[in-house]
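Below is a structure I'd like to ask you about.
Order of writing sets the chain letters: A, B, C and D. Residues in each chain are counted from 1.
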Amino acid sequence: MDKPFAITLDPGSSLANRTGSWRTFRPEYVDRLPPCNAACPAGENIQGWLFRAESGDYEKAWRALVENNPLPAIMGRVCYHPCEGGCNRQQVDSAVGINSVERFLGDEANKRGWKFDTPAAATGRRVLVVGSGPAGLSAAYQLTRMGHKAVIHEAGPLAGGMMRFGIPKYRLPREVLDAEIKRLLDFGVEIHLQTKVSNVLDAMMDGFDAVFLGVGAHIAKRAYIPAGDANKILDAVAVLRGMEGESAPMLGRKVVVYGGGNTAIDVARTAKRLGAEEAIIVYRRTRDKMPAHDFEVEEALQEGISIKWLSTIKEAGESDIMVEKMALDDKGFPQPTGEFERIEADSVVLALGQDADLSLLENVPGLVVDKGLIQVDAAMMTGHPGVFAGGDMAGNDRTVTVAVGHGKKAARAIDAWLRGEKYAPPPKPEIATVERMNPWYYSDAPKTVRPVLDIIRRQSTFEEVLGGLDETNALFEARRCMSCGNCFECDNCYGVCPDNAVIKRGPGKRFQFNFDYCKGCGICAAECPCGAIRMVPEEN
Amino acid sequence: MSFQPVKFYQTGTFTVGNRLLPPEERSVQASTKRFNSINSGHRACQGCGEALGARYAIDAAMEATDGQIIAANATGCLEVFSTPYPETSWQIPWIHSLFGNAAAVATGIAAALKVKGKKDVRVVAQGGDGGTTDIGFGCLSGMFERNDDVLYICYDNGGYMNTGVQRSSATPAAARTSTTPAVGSDPGNVFGQGKFLPAIALAHDIPYVATATVADLRDLEAKVTRAMEIRGARYIHILVPCPLGWGTAAHDTIRMARLAKETGIFPVFEAEHGEIKSVLAIRHPLPVEEYLKPQKRYAHLFGKNPAVETIARIQALADKNIRKYRLQARKEGH
Amino acid sequence: MLKQMEGSRAVAEAVALCRPEVICAYPISPQTHIVEALGEMVKEGSLAPCEFINVESEFAAMSVAIGASAAGARSYTATASQGLLFMAEAVFNASGLGLPIVMTVANRAIGAPINIWNDHSDALSQRDSGWLQLFAETNQEALDLHIQAFRLAEELSLPIMVCMDGFILTHAYERVDMPTQAQVDAYLPRYEPRQVLDPSDPVSIGAMVGPEAFMEVRYLAHAKQMEALQLIPAYAAEFKAVFGRDSGGLTHTYRTEDAETIIVAMGSVLGTIKDTIDEMRQPENGGHKIGVLGITCFRPFPIAAVAAALKHAKRFVVLEKSMAVGLGGILAVNVRMAVTGMGLKGYTVVAGLGGRAITKKSLHALFRQGEQDGLEPVTFLDLDWNVVNKQLEREKAHRRTGPVAEALLRDVGVVGARNY
Amino acid sequence: MFQVRIHGRGGQGVVTAAEMLSVAAFDEGRHAQAFPSFGSERTGAPVVAFCRISDREIRLREPIMEPDAIIIQDPTLLHQVDVFAGLKKDGYILINTSKTFDQLGLGDFIRDWRQERLCTVPAMELALKHVGRPVPNVPLLGGFAAVAGIIQLESVIKAIEERFSGKVAAGNVAAAREAYAIVKAEMEEARRKETEHA
């Protein structure tokens, strides 16, 4: 067309004008550390596996999950999910039910028979793992992935450690535990049961290049309570371990549990299920000071367990105990009041904590033990080169999740050590705090409530109390993830750029900036829901 | 709601797109095949809300008509930054005639298309608030009352930004502009003046009137799409923050639009034949200060001696909008 | 076909024969009868396909025409006086964008004081708008000029005003030869726009052009008008071939062969001037050597044709229905430009403003005075000096003399008692 | 060239009358130019229209200041407007009235005029009778065909039929014919009187 000069122009000719030269700040895509990941003692990439679960690809999600934790079905039941405590979604509505999705994925794996990915080529190195609790299993798994041979020596008759002998069935059905252990065995982890290591250095001589100790803390702490002959005083470890034996422990009609930790709750709830008419927890402080998790306390109360707050047991008689009332001082410590009360009790179970059996470490040079805990460095190595430790024996934060984290960390350190290197964890990116995000974009979607077993059956059977999510709910829950700090391809940057300077690269490939036209306004960064873009000054 | 909320729990319908949505539920802007009706290389300020709003709207119109759009543009920022000789950013047939005649030019185009039997080709007129509510008001009203087959889109940034931020009849009360400076006993724009053109459009009983902001892309696209399903005079009034004129950070453009809507300052609704059919409810109610404070044009209301009464008057205006248009926050469904 | 009809109707029928596709109308006297007639034709379906749009202002009328023309439709509107001024911004815009709109201007005075009667102030106020301006002497010519205008406009991609005296022509019933549709179709090809808004070949029309190219754009507009100086006579010749009538062209001379004095004028007053000249040329009246040059095309101004027509005369008298306040004439300035250096005596006569009748009687006196070089450089025909002087004295004497127009009316007497 | 000036009031069809007169002349193969007084006067206001009839092209565009004939559609104008301005003494006058010139108070004024050129016709009554509306313009044209002899009655009737249709056309034709007859009779009477005087 013979167009009029200057007044009429050909379409889109402004591409000749490179407005990128206007820019003084440039946007940059980043991956920030989601607070859930940061909070996970096992170091799971939660956002990462949720991201895969969101698209309904549960197997991929599970595979991403088990890179850091081989026990998702267990974890999805027994983990106290500090991730959810860190979840940014709490500031929108409520935390994402990470734990329930994890359980869904773990169960799905068991149901579908998913196996771990083939390990790396064999290195020919052998590592002895002492103890088949979560720390040991985690270490053995990670070592196996890296191509090392991991051999577990377990003193007990069954693998699982405290997961089997400390956590009641109604919280962790044994077939779940067995299934995840079996997957590890199939993966190439070797477990020798009823193989107690009494001297670790001797055991190492048996062709091992390193050792990881994860013996746990199985020795119950005692408290002195004057007691008549007839009164039954038991410890919680024994009671819970007894549950795995041929016959259940005899606790009587009225059971008193002494202590305020999760174990105390577990015992009381177990007692109730064993037929006790009354299960009473006696605790010296108040509910808000109680170490047990609140939701467990709540569940226990629902099941009819009563708790005597601010009380200590002074003596145990034949069929009752004497309890002294306590009062909190201004520092929050309980002080005796001199006020007493008698409570009927057929048995008293002490749940006052556990110590580790460190006898196998006698004569190991360089090793340091402090307050019953073996001391390790940042790479989980003890004072003795080549001897690593983790789990309950190495810390006071005694959860399955912490143990799994210890095992993984130790495995990575052992791998480095075997290569004559020192393990250095990769630098952690900055945390994707909610201030770095634009949470307005997330629609209101309250957390899904997991099904809970009805109260009657909870008082009489060891069926699992907390149910799992079905697929729809699990998907819903996964999709509540805000993907903090990590691009989830919401197209916002692509859409909100006034200069069309964002290139959409296609599914899974995220985006890139077209710096020919980007003027550096920063709308993309401001409107990125998950905080995966930052503005940096242009260099001169 | 003017659009079917997407059943997607992560970000609902608020983000531009999402990898998990089926393609047909994604926004036009999410598509790699979107038209980019206004292309890169335009000379709009950093963070220009109007450039963004225009691309949102025209791309949606292009999508709705399979690319059969002709646009008439009033003089103003949009025109100046998009078509300085020898470059144009427009990828669609586009004409700029004058400041005050975009609606009439569009009427002419529509008449030409009708007489030539080109039923598929649709006409959009667009202008800023000055070109729409002031100088172009006569032509616009004429286009409305004749029910000409034109969609008129007003990009409202509350002033004559092209000429250096002067007051228009869409400038909000108390706002500072070059012609309503923040001096004297009553600084900024006068209360009780100005007009809300969407309401005047409603009074014409035209088939379709809607408001939108650049902060609710899905809503905006749904409205443009709906408008293109209808024949006759249609009007969409889009709030497009102006970093220059409002004195806001370039990156805050969408945020400001969002705050305008969430505070009730700017009611977002949709009407057919003079009757309001739906409103975009406030999601997270906020006091007007949240909207006013980031803007330098309201800076005189804050500082050492905040103009409490003035802020209260603005809050009252927002509250009135909330009552009048029933914008109260309500529970979001899944 | 010969018909006795009103000028407005004749123009409307001629426009209809040109198959306009979009017509926009806003009422203003004295053009209303034209668009009323067209509106009826569209409404009853005899003019189809055509969109007739009742707009809300002249500004909108021109704007609608701009849009329609840019979208490839043959577009037409009509206006006058205040209406033309009200659309002025769009008038300039239409030519700037190179859109071949044809507009009838039913010439009328411009207020204040408001006045609905004929003069050329309106069209001449737009002389630099970039439009071509053609002035009709008779209704026949008005009709013919419209047909030529569409062809010219579309060939040049420039808009054209066809100017006809308000009331004097628009409302006059007289004989016209109305061409047939076949004739018009043979003369006027389909509109092939130079630029068009079309989704299949998008362009941006109406870019902002800065100092680097604006002069060139303006020059090109000038060059187009210069081109029109060639096209207009050519199209008029072709018109004659098809329709058998001498209509249009740049200028028309009447009895100028041996004229020593040539009157220069535009529009319908040429008829009265011709009658006067015929009478003056009668031997019994002294056989005055006087003739008249009619300017048909005011823009582009036919400098060469005017110079050629005047070169053998001794003097020229420009009789114009317009006025450059503070200078004198508008047409006269243009004519003087054409005869620069030719050593002619030239006089400007402002006449007929606001519908003041231009009578043969006055012309006889005026022309005789002109022949004897007895005219002031700028003369106001039939000016009531009595009234003017009274007011001037009043203003000298008092500060608060009130509005001039009203004061003059009091002096002149009651409007209703006006002589016809 | 024959020049006619028609006086009346807004709404009485003054301009239409001038136009129809031009059409009648055109139908006879002559040139004619009809035009109004270009005012914006409203219903009831005094209105003037003009018509020139000639065998040659009419170029003159000035208002008719020296008419050959005057048609007065509304006799109440006689005392308000100088309707006779410029009319020569041998000119024609046709007034819509059922009164005589004397009764209208014009006796002295027309004393030395050619009496057979001065006619009245009750056009309003004829219009009401035949058309049913008080529009005197068409009957007056019928009367004018008689009085001036410039145009034929048949041409007027043709012009009526071009302008109107159906009942209105028929009524107007009848009114025009009757007016023509009335005026013809008046003129005969006047001529007879003049002959008597002579």
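Please note the rule applied: a contact is a pair of C-beta atoms (placed from the backbone, for glycine too) under 8 Å apart; a residue touches a chain by one contact, two chains touch by 3 or more.
Model, not experiment: these values are computed from the prediction.
K.L.:
Under the document's definition of touching, what chains do chain A and chain D have as common neighbours?
P.N.:
Of all the chains present, those in contact with both chain A and chain D are C.
K.L.:
Based on mean C-alpha positions, which chain is nearest the centroid of every protein C-alpha shown?
P.N.:
B
K.L.:
Can you compute the centre-to-centre distance for chain B and chain C, using the mean CA position of each chain? Integer Å is fine.
P.N.:
Using C-alpha averages as centres, the distance is 44 Å.
K.L.:
Quick one: chain A and chain B, Cα centre-to-centre, how many Å?
P.N.:
Taking the average C-alpha coordinate of chain A and of chain B, the gap between them is 49 Å.
K.L.:
State, to the nearest whole Å, the distance from the C-alpha centre of chain C to the C-alpha centre of chain D.
P.N.:
For chain C versus chain D, the centre distance works out to 34 Å.
K.L.:
What whole-Å value do you get for the distance between chain B and chain D if each is reduced to the mean of its CA atoms?
P.N.:
66
K.L.:
When you check chain A against every other chain, which residues touch at least two of them?
P.N.:
Residues 6-7, 9-11 of chain A each touch two or more of the other chains.
K.L.:
At least two partner chains per residue is the criterion; list those residues in chain D.
P.N.:
none
K.L.:
Touching two or more other chains, which residues of chain B qualify?
P.N.:
82-83, 85-86, 88, 90-92, in rising order.
K.L.:
Would you identify the shape of the chain contact graph, picking one of line, ring, star, complete or other?
P.N.:
Contact pattern: none of line, ring, star or complete.
K.L.:
Give every touching pair of chains, nothing left out.
P.N.:
Pairs flagged as touching, ordered by label: A-B, A-C, B-C, C-D.
K.L.:
Please output the residues of chain B touching chain C within their complex, sorted ascending.
P.N.:
67-70, 72-73, 79-80, 82-86, 88, 90-98, 100-101, 104-117, 121, 138-139, 141-142, 145-146, 148
K.L.:
Please output the residues of chain C touching chain D within their complex, sorted ascending.
P.N.:
Chain C reaches chain D through residues 2, 4, 6, 29-30, 116-118, 138, 165-168, 171-175, 268-272, 274-275, 355, 357-360, 416-417, 419-420.
K.L.:
Where on chain A does chain C make contact in their complex?
P.N.:
By the definition above, chain A touches chain C via 1-11.
K.L.:
What part of chain B is in contact with chain A in the complex they form?
P.N.:
These residues of chain B touch chain A: 8-20, 26-27, 29-30, 32, 36, 39-44, 46-49, 51-52, 55, 82-83, 85-92, 217, 243, 249-255, 258, 283-284, 331-332, 334.
K.L.:
Mind pulling up the chain D residues that touch chain C in the complex?
P.N.:
Residues in contact with chain C: 5, 15, 18-19, 22-23, 25-27, 31-38, 40, 45-46, 48, 58-65, 80-82, 85.
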